[in-house]
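In what follows, structures are represented as structure tokens.
Two complexes, one shared chain (chain A), two partners (chain B, chain C).
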Partner chain A sequence: MPDMWTSNLLLHELSALVAGLFLLTAFGLIATRQVLACLRTFVLQSLFLALSAFVLGYLNASASLLAVGAITVVVKIVLIPWLLLKTLGDELRARREISQVLNIPTSLLIALAIVVFSYFVSVRILAVAPKGASAMNLPIGMAGLLLGAYAMTVRREAVPQIIAILSMENGAFFAGIAIAPHLPLIAELSGAFDVLIITRVMGVLVMKVHERVGTTAVGDLVTLREE
Partner chain B sequence: MELFYVLGLPLLTAFLSLLPAKNRNFPAALTILDALLVLAASWLVVLKVSGGAPIIAVKDWLECDAFGGLLLLLVSFVGFTAAIFSWGYTKNIVEPNGAERVRRYYWRYNLFLASMLAVPILAQLTLVWMAVELTTLLSVFLVSFPNTPEAIEAAWKYAVLTCMGAALALFGILMLYWGVAATGGDAFTWTTLLNATPNMPPILVETAFLFILVGFGTKAGLVPLHTWLPDAHSQAPSAICALLSGVETSTALYCLIRMVPCAQGAPGAAPEKWILAFGLATCACAALLLIQVREYKRLLAFSTIEHMGIILVAVGLGGSASYFGAAYQMMSHSFAKSFCFLAAGAVLRITGTRDIGSIRGLIHESPFVGTALLVGAFAISGAPPFAVFLSELNILRAGISSAQYVATGLLVVFIVIAFCGITFHLSRMVFGEPVAKLKRARPPLSYVFSIVLAGIPMALFGLYMPNSLMELLRLASHALGR
Partner chain C sequence: MGNKILLNVIQVIVVMAFSPLVKGVLNRLKERIQSKRGPSIFQPYYDIWKLFHKDEIVSDYSSWIFRVTPYVVFVTPIFVALLIPVLTSYPLFFAFMADMLGGGFILALGGFFATLAAIDTANPYGPMGASRTRMVGFLAEPVFMIVFFTVSFVAGSTIPYIVQKHWVTPIANFFEPAHVLVMIAFVMLIIAETGSIPVDSPSGHFELAMVDESKGLEYSGRGAALVKWGGCMKVFVLFCIFLNVLVSPWGLAQGDHIGEVLLAVPLILLKMFIFILILVIIESSLAKLRLFRIPEFLGAAFVAAVAAVMTRLLEF
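On to the complex of A and B.
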């Protein structure tokens, strides 16, 4: 929408800045060494998601995006950290280093490759895209999604894996709010409902793992596998 | 109206199961009754949709066509037999606060059943996605129900991987919504998507399709994200295994298959190529892995992965004959696999071990269980005269007549390998000299009853198919093509 580009230049720059910060937090989720820092980074990422939704909602005059922002604030910035701290407080405050399959510098290099990959995929889509698309949010949202998947694979502990899954959801919606500004509220509601249940179910499951197996380093769970 | 019953009854039963009744069997009996009513309602739905016109209970929200009706029938039937089986399973829970655990088992059982029944009758894609995600989240604690370290490990892997898959699928669905909104569609239903894709950029449709394929494919156990499936499907209580393996995988596959004709609409997009490649890779991997398993429930889980691969190959081959084969295979797999897991549950109950090597001569010690396992082995591996044989034959014939010799040839090889693997392992357990004494002489009556009941359609449909079901399969296969 070229007219908007001129009239709301500042807001568009703000939206691009938020997108950049969102990507930075996605890297942060891979680079953090402690569980609590991981959660804080996730909250920060959700904040940027909400901010982006507010800005895009204002630009597109879309009430549903403003609602998306509000729901994100309530669910991802307030409820989820509260739920996690309530069920897994001790796990979160453990001051040990998260064990990983690959070390962090290697991880960051791979993460960089993932971002480049999502950029190239998105560029091909954006070239033929229906109007109304944000050139920033699609590649960065996709990168957030794939980086979350990557973080989930390399982290060997339960709570960072949960946070990685939640951040994948953030990535999907970060792209979603831009490419579908009139996203039906039902979509966002089911997304929010979903992350809440994920947090609850997995939180309880982690407690069970802790209780019965004695560790939450889920990378060590190798009883069941092919010989 | 039937659609409301199908969804409402399990939800109601779930809440009623939590009531602190005096009799411990109250939730079990209630669940069996409810599952029977749901089965009856589904049968009414099937009769209606096999007339040709879909049922529309609430437009754009609650709808059901023939393909949905087929899935509804499968889910409700397995839900019924597994509920009967559960009676014997939960009766055995005697540890402290056993009654509380039984109530929670049925609370989750009914919620899980409701979420699976919701998948084929919801029309909006975001809600379908939500329902598929709920099938995972509501069954996690059923998988971890035995509360052994292994079961909890399996539940964790199950939850983590399928939630990751769901996030990938969500991204694909949001991208499709983008395309639908740009072409002017309002409600984001299967029908609008089908009509909108011809006007969407092919690259957008294909990228979205790939995300959805990997996402829902994780849930259906497609290689390479299948690793959770043998764990979860072998550690859960056997009644839950029957549901997970027999129908839960099919519900994920249903969403995936529905997506194929939508994606084919975009000019130049070729989703069937991806489907075929993933299907063959899945078959190959499962067939080779199931040769070396040591546990019989794990063996059956690998066989599920193999069958998911076969159905995908059938969809990928294309053509109405092949689509018919895919729908047929979906049905025959559900009946046979749920039977197998119930039989395996009976074996586990009387022997107390999951290990193939420590069970010999089952047929001498317990003729009923031994026979059931043997029949199940032949039925699931595709020996005549069972329905799996006919459906696989249908697919292979369709592949040959459309001159796709390489794919069909590979499929034959994998089916033969899997056949040998399954029959070899399971017949080793059934025949021979007994090595260890049985833990108990015979399985509970509810096990016997549910196995017999599950065996009826499995044995019958290989010899005779009622006309209404044939018609249902034919109509369902229309949904697979454009």
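On to the complex of A and C.
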């Protein structure tokens, strides 16, 4: 059926496109200077994750992937930003630059190297994985994971670090749904709610630290260390 | 073959005739969006006409470079117009003279001479703007290269006429991640190269803040007209490369009948109008970047272009 085939090809390209945009938002998380922009980029990234889940769910005729997409929309696009804004509103809305270890152009170049690295890492895994959409999504999910870890290292403040760790989770999810489309729903559900609770706990923790110390710049927290 | 040469000449005439109009529409829309009336869309034509009828003054202390530059700036976009698809979707007579990189080099030649001429007169503002333009230029260069490499890599050719067909056969290719990322990178390049708002403010007449404008400060009369017209044509050619080679070949003439080719002219202008609308919205919703933030802007374009290559590599 040629018609069926072309529509599937279109969907494959769409899935690849979503993966490309996902990668772009992972770069965006490293390149943004303000906390609120960081959060917006994260929301955008989660949106692409959900879109990818919908497209892959349709391609693989897997209801659990569609559910994963819906959970992602509810948890990562609505609940997590709302929670962060509620607990850390002032920190998020502060219109100042995030202090960083490296400047942004250098960071971006290192991020590019990380993507190349994740490509070489995942080529080995791809050799045994099933062919299809995963050929593209696995390395990009891996890159999202590593870029999130990198963003966490480079930022000197707690709130961007929370967002970075959430984006690491996004990357892991992105790779996960590509290679295991028929994962039991219960695993996805528990994953999603874990993330929600982690966000809550980290938010409260950061709020308390901010109350006690007056800053969440991680570099300054060294002085709290006991000798 | 004679027909193809004729069509090629028509292509160049279209570029020469309509480029000031594109500039005029762009300026007008920009003013409209700020709720001002704005100049007539034919204002660039009036300006060029007026400048051609004025006396030209050349400093005694300038060399031949200053006198030659307006002609170089005027001629280089015409050469590029011979190489790229402006009206037709099939290669014309000169299409195989150079590929996209060749076209890029020819455009860069014009910029190079404009910089030399700005330094030549020893006017303090000229070299300042020229060195800033060079800074933007050398940061934009790697992005240009990567975009061209990606496009050639994806389409398997460096000739623009062959590249453009790849994106729509089959239509799914249009949504290829490499394609979309390359488009994003190229829009950022166009903004940087045409001196639009996040990088440069073209309507600002404060010499200390000028980037692109200050190169032509010393010119008067015919020289100024040629520099201005050449600048318009460069913008037109870049828009053509973006719209016809990178975005879509829709609206281009398929057959070699002259009526069909002329019918493509309004279609191209329509496409350009839509693109200008998008560009004006981008320009009006952003603030001008500080000079030292420009590397970040172009760094982001570079990352988008490299991500395009990378997604292409991943997608075997």
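By our rule, the second predicted complex is superposed on the first by the 212 of 227 C-alpha atoms of A that agree within 3 Å, B and C clash if a C-alpha of one lies under 4 Å from a C-alpha of the other, contacts with A are read in each partner's own complex, and residues count from 1 in each chain.
Heads up, the rule we're going with is that a contact is a pair of C-beta atoms (placed from the backbone, for glycine too) under 8 Å apart; a residue touches a chain by one contact, two chains touch by 3 or more.
Quick caveat: nothing in here was measured; it's all calculated off a predicted structure.
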Evaluate whether chain B and chain C can sit on chain A together after superposition, giving fit or clash.
fit
Given the touch rule stated above, what does A:180 touch, chain B (first), chain C (second), both, or neither?
first
Partner touching more residues of chain A, chain B vs chain C, is chain B
Here the angle between the directions from the C-alpha centre of chain A to those of chain B and chain C, rounded in steps of 10 degrees, is 150
In the overlaid three-chain picture, which partner chain does A:171 touch, first (chain B) or second (chain C), both, or neither?
first
Would you sort A:24 into first (chain B), second (chain C), both or neither based on which partner it touches?
second
Quick one: classify A:9 as touching chain B (first), chain C (second), both or neither.
second
Kindly classify A:136 by the partners it touches after superposition: chain B alone (first), chain C alone (second), both, or neither?
second
Least CA distance chain B-chain C after superposition, rounded to whole Å?
18
In the superposed arrangement, what residues of chain A touch both chain B and chain C?
none
Chain C to chain A touching residues, read off their complex
170-178, 180-181, 184, 295-296, 299-300, 302-304, 306-308, 310-311, 313-316
Residues of chain B that touch chain A when the two form their complex:
124, 126-127, 129-130, 133-134, 137, 140-141, 144, 147-150, 152-157, 159-160, 163-164, 166-168, 170-171, 174-175, 177-179, 181-183, 188, 200-201, 203-204, 207, 230-231, 234-235, 289, 292-294
Interface with chain C, chain A side, in the complex: residues 6, 9-10, 12-14, 16-17, 19-21, 23-24, 27, 31, 104-105, 108-109, 111-112, 115-116, 119, 135-136, 139-140
Help me check something: in the complex, which residues belonging to chain A touch chain B?
121, 124-125, 128-133, 141-142, 145, 148-149, 152, 158, 161, 165, 168-169, 171-173, 175-176, 179-180, 182-184, 186-187, 190-191, 193-194, 197-198, 201-202, 204-206, 208-209, 212-213, 218, 221, 223-224, 226-227
